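Following this line, the structures themselves.
Two complexes follow with subunit A in common, the first pairing it with subunit B and the second with subunit C.
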Partner chain A sequence: MLKGEKLKKTFKTGILRSKTISVLNDVDIEIREGETVALIGESGSGKTTLGRVLLMLIKPDSGRVIFEGTDLTKLKRKELKKLRLKMQLIPQNPEDALNPRWKVYDSIAEPLKIHGMYEHERVVEIAKKVGLKREQLSRYPWQLSGGELQRVVIARALIVKPKFVVCDEPTSMLDLSTQATIIRLLMKLQKEMNTSYLFITHDFELAELIADRILEINSGKVKSKN
Partner chain B sequence: MEFAQGTIFRSKLLNNNLCLIGFGILAFITLMGVLAPVIAKNPYKTNIAERLEPPNLKHPFGTDQLGRDVYSRVVWGVRTTLLVALTISLMSMSIGCFLGAIAGYFGGIVDDIIGRVIDVFLAIPELVFNIALVGVFCLAYGESIWNVILAVVITNWVSYARIMRGIVLSLKEREFVLCEKALGAGDLYILIRHVMPNAIGPMIVLATLNMGNVIMTIASLGFLGLGIQPPTPEWGQMINAGKNYITTAPWLTFFPGLFIAVSILGFNLLGEGLQEVMDRERIVET
Partner chain C sequence: MLRVENLKVHFKTELGIVKAVDRVSFDLREGEKFTLIGESGSGKSVLAQAILRLLPENAIVAGKIIFKNRNILELSEREMRKLRGKEIAWIPQSQNSLNPVLSVGFQCAEPLIEHFKVSKRRAFSRVFKIFKFLGIESKKAKNYPHQFSGGMKQRVLVAMGLSAEPELLIADEPTKGLDANKIGQIIKIFKKINKTMLIITHDLRFADKLSDRVAVMYCGEVVEISPAKDFFSSPLHPYSKGLLDSLPSRGLKPIKGFQPSMIDSPKGCKFRERCEHSIEACKKTPPVITLNDRLVRCWLYAKRREIEKNV
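Here is the complex of A and B:
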C-alpha cells in the first residue's frame, strides 16, 4: 500500500551550512494494508524524519514515496491535499499538538472543515469512540490531562478514516498506566478501521507486543529485525 | 467545571497593580479628551488683555502669550495626541505584524529581503529619519497631519515586524502547525488561523509599550515645529511656543510637559502589567 524507495535526506548545518548530515541513506520501506510496522531506533537515528518523509511533510532529496500506486514526490500541492485524507500523523507531544486557543471540539472537527466535509455527528461519534466525554469537547487543551489530550489528537487523526497513520512515539510523554490505555485504544481503532500504522518508538518491548513486523533504523539505514 | 480562559485572564489583570494604575491614568486622560467640549473652553479663543496670566481660578493652568486658556488647550490636546498616536500604532502594528509573520513563516528569500529592510531601518536614528521624512512629505504634499502619521509609521513598523518574526519562527516549529500541514491545510490558512492568533498577545503588549514612544515622537516633532501645526492644540508644539517664556511664564511649558509625561507613564505601566500577566500565564501553561 505504501512504499518508500531509495529515500535520501540530508540536512545542512553549521554557520555557513557547510556540514551535511545524512539522516536517511537509501531507505527502502514497505507497509502493507492493515498491518502495524514498528520502527525502532535510538534518538537522532532518523525515525521521525522517515515518518515525516513518508507523509511528505519533509521532501526527500531523492527517492520515491508510492502510496496506492501514486508517486507522492511528483504530486502538486492540490493533488497531495486530497491524499492527505488517507494519511495522518499522531505526534509525540499531545500538549503541543493542539492549538492552545482552540476548543477541543474545533480541533477534532478541523480535518473535516479543511476538506469541506464537516458534519457535527461525525465529530461526536469519533469523540465517543476514543473515550472523550461530551463536556470535554467544549474545553481548552490546557484543561485536559496528557492522556485525554492524546485521545483528542487520535480523534483528530482518525476522524477522516485514514488508510495509513504515522504514530510518532504517541505514548512517550504519558505515564505508564495511561500508556497502556492509549495503546489499547489505538489497536482497537485499527481493527475497526483497517488502518496501517507505522509505529515509531524506542521501546523494543512495546514494539514486540504490538507490531506485526519490526524495523530498525540505524545510521540512515533500515533493517528488518525479527 | 466550565470556565473560559478569558475570565481567568481578566481576574489576573484585575489583580495586577501596574495594570490597574496604568489603566486608571489612561482612563482619566481619555475621559478628559472625550469630555473636552464640556470641561474645557474654546482652545483657539485669544484675549490679549489676559495674556501670560499665571494659574488662577478663571484659568487653572494660566494663559499663553496670546491670552488663550492653557488648560483648555491641554485638554483638547489629549484628543489630538491620542488619536494620532492610536492611528500610528494601529497602522504600524498591522504592517509590522503582516511583514514579520510572512518573513518568519515562509523563511528563505522572503525572510532575507524583509530582514535586510528591517536592518536598514534599524540602522538609521529614528527621530532623524522622522524629521527628514516629514520635511520631504511637506515639500511634496503640503502641510497635513498625515505627514506626521506616515513619517512615524514608516519608522515604527520595524519593531513590530522584528518581534513578530521571532514569535512566528518559534510557533511554526510547534507540533500543532505540523499537524495542520499533515491534515492538508494551506500555508496562508495556517498562518492566519493558527499562528497569528497565538502571537497576538505579545504584540498587544508591545503596542501598549510602544504608544509611549509614539507620543514622545509626536511631541518631539511638534516641539521642533515639524509636527501638528498651530493653532491645533498639541502638547509638543505648546512647549515649543512656551519655551521663550520659560523664565517668566513656566506654566506654558510645565502643564503640557506634565501631560506628556503622565500619559507615557500610563501606557508604560499598563504595558508592563500586561507583560507580567502574560508571562505568568505562560508559566502556568507549560
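Here is the complex of A and C:
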C-alpha cells in the first residue's frame, strides 16, 4: 500500500549551514494494508524524519514514496492535499499540535472543513469513539489533561478515515495507565477502520506487544528486527 | 537518616485548597536508593521540594522532616542555604535547569566554591574527578549546556549534585525525555554512586532496576512502601497492581477512570472509585497496615488481619 524507495534526506546545520547531516540514507520501507509496523530507534536517529517523509510533510532529497500506486514525490501541492484525506499524523506532543486559541471541537473539525466536507455529526461521532465527553468539545486545550489532549489529536487524525497513519510516539508524554488506555484505543480504532499504522516509539517492549513487524532505524538505515 | 512524619503540603488557590501532599510518613535508611513512584500530579515532586524547602510561598506546610536530628521545617533560611547542596543536593527534573551562559564546569564547581570557600582551581580539579567518574570528558568542562545532548546534560546535572559531596541526593525524574539506551546509562551511573538517594520517577522499569525500596504515591498520599523486589513481584495496594499491569510487558491493562482532583478528592480511600476490590469500609479513611517490612494504606489488609486474628 505504501512504499518508500531509496529515500535520502540530509539536513544542513551549524552557523552558515556548513555542516551536512545525513538522516536517511537509502531507506527502503513497505507498509501493507491494515498492519502495524513499529519503528524503533534512539533519539536523533531519524524516526520522526522518516515518518514525516512518508507523509510528504518533509520532501526527501531523492527517492520515491509510492502510495496506492502514485508517486507522491511527483505530485503538486494541490494533488497532495487531496491525498491527505488518506494519510494522517498523530503527533508526539499534543499540546504543541493544537491551536491554543481554538476550542477542541474546531481543531477536530478542521480537516473536514479544509476538504469542504464538514458535518457536525461526524465530529460528534469521532469524539465519542475516542472517548471524549460532549462538554469537553467546547473547552480549550489548556483545560484538558495530557491524555485527553492525546484523544483530541487522535480524533483529528482519524476523522477523515485515513488508510495510513503515522503515530509519532503518541504516548511518550503520558502516564503509564493513560498510555495503556490510549494504545488500547488506537488498536481498537485500527480494527474498526482497517488503518495501517507506522508506530514510532523507543519502547521496545511496547513495539513487541502491538506491532506485526518491528523495524529499527540506525545511522540512516532501516533494518527489520524480530 | 531522613524521617518524614505526617507531612502535609497544601496550596491555597482560587478554586480551593489543593492537598498536594497529605499525611505522608516514611524514612530513608543510610545508603539506600529509595524511589518515589507516582503518576503526574500525584504530588511526588512537591514532596521532594518540601524536603529542600523549595516550595512557592503559597504552600502551607505541616508535619516534620527530621534530617540528622534537626527538623528541616524549623531551620532559618540561612541554615537552609548551608544545607542545600552540601548535605542534601537536588538533581532537578528539567535539563533546562542549567544556566545557558555559564560553562558546565563552572556550574558544577559553584557549590564547592560557595560552601567550602575553596579556590576556583581546586574546585575545578574536583569537578574533573567527578566528570571522569560519570564518563564526561574533562575538556568538556568549558563547554556550554547547548553543546550537550540530553543524556549528557543529565550527567552534568548529576555532577552538579555530587560536587559538594552531599549525604543525600534527591533526583527528580532523572529519565524524563531520555530514550531506553540513555536510561540504561543513567542506571549504571546511579548504581555507582554510593550515597543515600531519593529518586522520583514515573518510570517503573527504571525504578525496578535501581531501587532498594519503593514508595507509591497516589493523589498526595503514600499508599504503599515495599522493598523493590517484593513490590515488583507482588504489589500490595490495588493501585500498585494497576500500575504494574499497565506496563506493556504485563499486558498493557489500563486502570479504569481518572485520578481525582486534589481539591475535592473523595473522602476515605482516594482510590476507591477506581478500585475493583472496594468495599463498604473504603468510605472511611484507610489505616496504614504494617506487614513485615512493608506498609500499605488499604482496608483490604485490615480486614484480612482481623480474620487472621479470629482464626
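Convention: the second predicted complex is superposed on the first by the 226 of 226 C-alpha atoms of A that agree within 3 Å, B and C clash if a C-alpha of one lies under 4 Å from a C-alpha of the other, contacts with A are read in each partner's own complex, and residues count from 1 in each chain.
Keep this in mind: contacts are C-beta pairs under 8 Å (C-beta built on N, C-alpha and C of every residue); 3 or more make two chains touch, one makes a residue touch a chain.
Values in this document were obtained by computation on a predicted structure and should not be read as measured data.
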Combined model on subunit A where subunit B meets subunit C, clash or fit: fit
Touching partner for A:Lys81 - first (subunit B), second (subunit C), both, neither: first
First, second, both or neither for A:Ser18, with subunit B first and subunit C second: neither
Partner chain(s) touched by A:Ala97 [first = subunit B, second = subunit C, both, neither]: first
Which superposed partner A:Arg184 touches (first subunit B, second subunit C, both, neither): second
Greater residue coverage of subunit A in the superposed arrangement, subunit B or subunit C: B
Once both complexes are placed on the shared chain, angle at subunit A toward subunit B and subunit C, C-alpha, multiple of 10 degrees: 80
Distance of closest approach, subunit C and subunit B, by C-alpha atoms in Å: 11
Shared subunit A surface residues [contacts with subunit B and with subunit C]: none
Touching residues (chain side subunit A, partner subunit C) in the complex: 42-44, 145-146, 175-181, 183-184, 202-206, 208-210
Touching residues on subunit B, where the partner in the complex is subunit A: 2, 5, 174-176, 178-186, 189, 194, 197-198, 285
In the complex with subunit A, residue positions of subunit C that touch it: 39-40, 149-150, 178-182, 202, 204, 242-243, 246-249, 252-255, 258
Residue ranges of subunit A touching subunit B (in the complex, touch as defined): 52, 55, 57, 77, 80-82, 84-85, 87-89, 91-93, 96-101, 110-111, 114-115, 135, 138, 140, 142, 153, 156
